[in-house]
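Should a chain be cited, it is by its letter among A, B, C and D, assigned in written order, with residues numbered from 1 in that chain.
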Amino acid sequence: MTEILKLDEAIKKYVKPGEALALEGFTHLIPNAAGLEIIRQGIKGLTLIRMTPDLIYDQLIGMGCADKMVFSWGGNPGVGSLHRFREAYEKKIPKTIEIEEHAHAAMANAYVAGASGLPFAVMDGYKGTSYPEINKNIKTIECPFTGQELTAIRALNPDVTIVHAQRADKEGNVWLDGIIGVQKEAILAAKKAIVTVEEIVDHVDEKTGGTVIPNWVIDAVCEVPHGAFPSYASGYYKRNNNFYLSWDAISRDYAKFQDWMKEFVLETKDFAEFYKKLEQENYA
Amino acid sequence: MRDQDYTLSELMSIVASRMLTNDDVCFVGIGLPSEAANLARLTHAPDIKLIYESGTLVTRPDVLPLSIGDGELSDTALSVVSVPEMFRYWLQGGKIKVGFLGAAQIDKFANLNTTSIGDYKSPKVRLPGAGGAPEIASHAAKVFITLKHSTKAFVEKLDFITSVGFLEGGDSRDKLNLPGSGPQMVITDLGILEPDPITKELVLTHVHPGVTVEQIKEATGWNLLVADSVKRTEPPTDKELEVLRDIKLRTKIANSGAAK
Amino acid sequence: MTEILKLDEAIKKYVKPGEALALEGFTHLIPNAAGLEIIRQGIKGLTLIRMTPDLIYDQLIGMGCADKMVFSWGGNPGVGSLHRFREAYEKKIPKTIEIEEHAHAAMANAYVAGASGLPFAVMDGYKGTSYPEINKNIKTIECPFTGQELTAIRALNPDVTIVHAQRADKEGNVWLDGIIGVQKEAILAAKKAIVTVEEIVDHVDEKTGGTVIPNWVIDAVCEVPHGAFPSYASGYYKRNNNFYLSWDAISRDYAKFQDWMKEFVLETKDFAEFYKKLEQENYA
Amino acid sequence: MRDQDYTLSELMSIVASRMLTNDDVCFVGIGLPSEAANLARLTHAPDIKLIYESGTLVTRPDVLPLSIGDGELSDTALSVVSVPEMFRYWLQGGKIKVGFLGAAQIDKFANLNTTSIGDYKSPKVRLPGAGGAPEIASHAAKVFITLKHSTKAFVEKLDFITSVGFLEGGDSRDKLNLPGSGPQMVITDLGILEPDPITKELVLTHVHPGVTVEQIKEATGWNLLVADSVKRTEPPTDKELEVLRDIKLRTKIANSGAAK
């Protein structure tokens, strides 16, 4: 059953080198604090799965934690490229990164299949595109009733899924609201699940909206206020668009990136200290 | 060329917005399409239904979203669904009338590339990738495309087809049995291109005020066909310009704020 | 776009003899008023689709409106058999009824496929059971990645889906809350959709819970207070368990059933009059 | 047979309830399983998670539901999901530890029939059908079954397999590659049957107080195997009886009320 743990304990307990990790979040509720803790703990060899990898995956890749990225749109939304990802992929800095690439529809379906205990999903997609040529987890399949040709996508089942949510109760039932992306599917598809939350409260329910994910599919819940920063947590704080813009400059140069990560991430002991430092230096 | 009190970028968004009607249900790509779609909603199409792939059905943002999943989109939405539901029930399920896409590159059959330039495995430029575009391009009943004109963007042949337009032209899209009828129009900062009914090759049909056909042909990476009677695009109305500038200003102010 | 119609107008406009109809509702929010209006209008030759056919399908079948029923559990919940359905199936009274039978998992998946624009669904189910022998819309399919044998179910796409919901706004956006069953999928899978609601209000949203189904997938909305009776509408009225118990006695004998339907349904002009009469005679 | 201050029906529910533990996540069939599962929740397993196929996750009904989708279930649930989600993500997705099923008929390998008796096309008795049972039987990590003992219910061979137990015994279930391990126990109003570890045929292992082995063999439509040492079922405790009668009384009062 769910344990309420400190974030560093949860990462230490459940995230192992070489595993396939999904830190999901579709612009909203991105588990950034958890990603930074993985960097602090220096966990390497990871396969990073996410539909919309952004800053936190750029940071993990730049710090050499990732061997592979599985994704369907990778960028700094509204700003531009992920410079650390691009330099890793185009120039192998700091190391080679393999990619497995999908469209959103396919990747969402792959999580759905994983959550549903199925080895693959059927979709009507990708026809006429180059994707089937570059991703072996896309095949064609025929409808046994109509003969119609459709597309099969291999299921995604991360070793560990990590998401951020607004609240959990003391038993570890989790409540989230707003744009929920593919988080529920990513949790249900995973072997282990960690959820960071803005706060732990006495009671969560769906009576006034939102979605509750029951505790027995979640291994650890960690209270991490502002844990989605620079993403947002609807009802708690807004997206910090300035930080997304700042990241473009920080990440463009590898040396500058390394300095920044050292000063802000490696030399802060946890997310609270990191966030406090960002505030002091007018990033947050 | 006479003096204009608007930019070609502004004109592009305004012209693109005019493609949408009040009855449309539009799946909106981020960036230029989002600007055009919201401009339509704030001018001649107040009841248009805007759908974003983050799961927001019928949103009425007061400022333009910087990302596809801004809180502004969910706060003002009629309904927020999961991303799998969006792609399975709404897009693949055939509930979207118009898809509005941007792109990094387009070819003469309106195929789009947002994935990579050069060899896929060692690209010259690694772009963000597909997002929702491939299935918007295949499943929306019709598709509009908007991007800025340049020989880098308008290329003879794509290195990678992210989203299919008319594939190799003629009936090659039809043979794929896609639910949607494909691109209807490509709106750029210089003019408008439309597919030939038979060959499906893009043809220049409208030139924006102050732009010449020659200028557009030069900005196109293939030998662009030109319609027998090229029309002059209607310039922006004062209302269109005012509304566009208003929302861009509101957006700028909103996005410059930090957290809290 | 959605029209706000009277129930009799909506049924007249959209429900045609010989069509395949889904009147969905999983115990909660069953569109009973709409079913009774179909009986009043004497629309025949229908294929009746529903996961959990209960009293209203018993009534439609007993009145000779149905040629076929597609279902996954047919009974009077907590009470016993549907006598009119059983007598039709076992003794062809009043006429022959064909059945197509599924398990809940398969039928839910068939609606999902229909809503998703797919000709079939994949599930892991039915293995070892007799269902594949009696339903030609169940086939086996192999995973193209793992070789695992799975089950394919043909999609369901009703000609018309009718559901009941708590509220709609004046533009026809519908709001429902509580047990939502397979209603959204049944609407999205259908060629046409009618929704009866407890009340039409100025504004519906999801801010305080519930689900909104946007108007452009709904053809007609009809205001029918108590329209789910004897089922319930969470937040409006409770399930009338007494009526479910009474129905056992009313429906057991064909002649008694006919008399009751004549008196209560055919001789009342609409649902409001029907409901008033039930109240007067202590059924409601 | 000594005088008992409880009925065999009551004993059946109480014995069935004892099979469930505080850590279980139980997919509950309506009727007898629902009575047993809620009794467990109200006695020794207060934190047990009860799931109903109508979409209610972790419900705590104060009265027993008459139907699988009563308002009492959603009003007291931690979360309410759609029926497709319930069957796809939760049951097929392997999130259910225990399935608790009733049935009209059972055979010696614990296969169940709730579909039809006699020829399928012209049945002697047309039963309600499958509901969620087939996939509960195949996907819950383990399964308990409860039904009343009679030769009509306990038959040599089923006319229709709605839900699979151990199919034809031995390793025939294993060959189906089902995710769940199948029926662990059949609790009746007379005793308890458990599958033999090798042959998978049901064996009588417990006899309820006041019931004889002979009586049970007579109520079984095949030559029932009896364990070498048949145990006597523990009679109900005062607490168990009190809680069961309380909830049944509350249920009766609640269900006798009309609408409003």
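Operating definition for what follows: contacts are C-beta pairs under 8 Å (C-beta built on N, C-alpha and C of every residue); 3 or more make two chains touch, one makes a residue touch a chain.
These numbers come from a predicted model, not from an experiment.
The chains other than chain A, kept where they are, remain one piece by touching. The geometric centre of chain A is 28 Å away from that of chain B, both derived from CA atoms. Between chain B and chain C, the centres computed from C-alpha atoms are 41 Å apart. With each centre defined as the average position of its C-alpha atoms, the distance from chain B to chain D rounds to 57 Å.
Within chain D, the positions touching two or more other chains are listed as 80, 88, 92, 139, 179.
The set of chain A residues touching two or more other chains comprises 112, 117-118, 123-124, 148, 184-185, 206. Chain-to-chain contact here is organised irregularly, matching neither a line nor a ring nor a star, and falling short of all pairs touching. Two chains count as a pair here when they touch; such pairs are A-B, A-C, A-D, B-C, C-D. Remark: chain B residues 30-31, 53-56, 65-71, 73-75, 80, 82-84, 86-88, 91-92, 111, 115, 120, 122-123, 126, 128-135, 138-139, 160-164, 167, 173, 176-179, 255-260 touch chain A in the complex.
Considering their complex, residues 23, 25, 49, 57-58, 78-80, 88-89, 92-95, 139, 179 of chain D touch chain A. Looking at the complex, you find that chain C touches chain B at residues 1, 112, 115-118, 173, 184-185, 188, 205-206, 211-214, 216-217.
Across the complex, chain A meets chain C through its residues 117-124, 137, 139-141, 143-146, 148, 150, 152, 154, 206-210.
On chain A, the positions that touch chain B within their shared complex are 26-28, 51-52, 71-75, 77-79, 81, 85-86, 89-90, 101-105, 108-109, 111-112, 123-131, 134, 148-149, 178-182, 184-185, 229-230, 232, 234, 237-244, 284.
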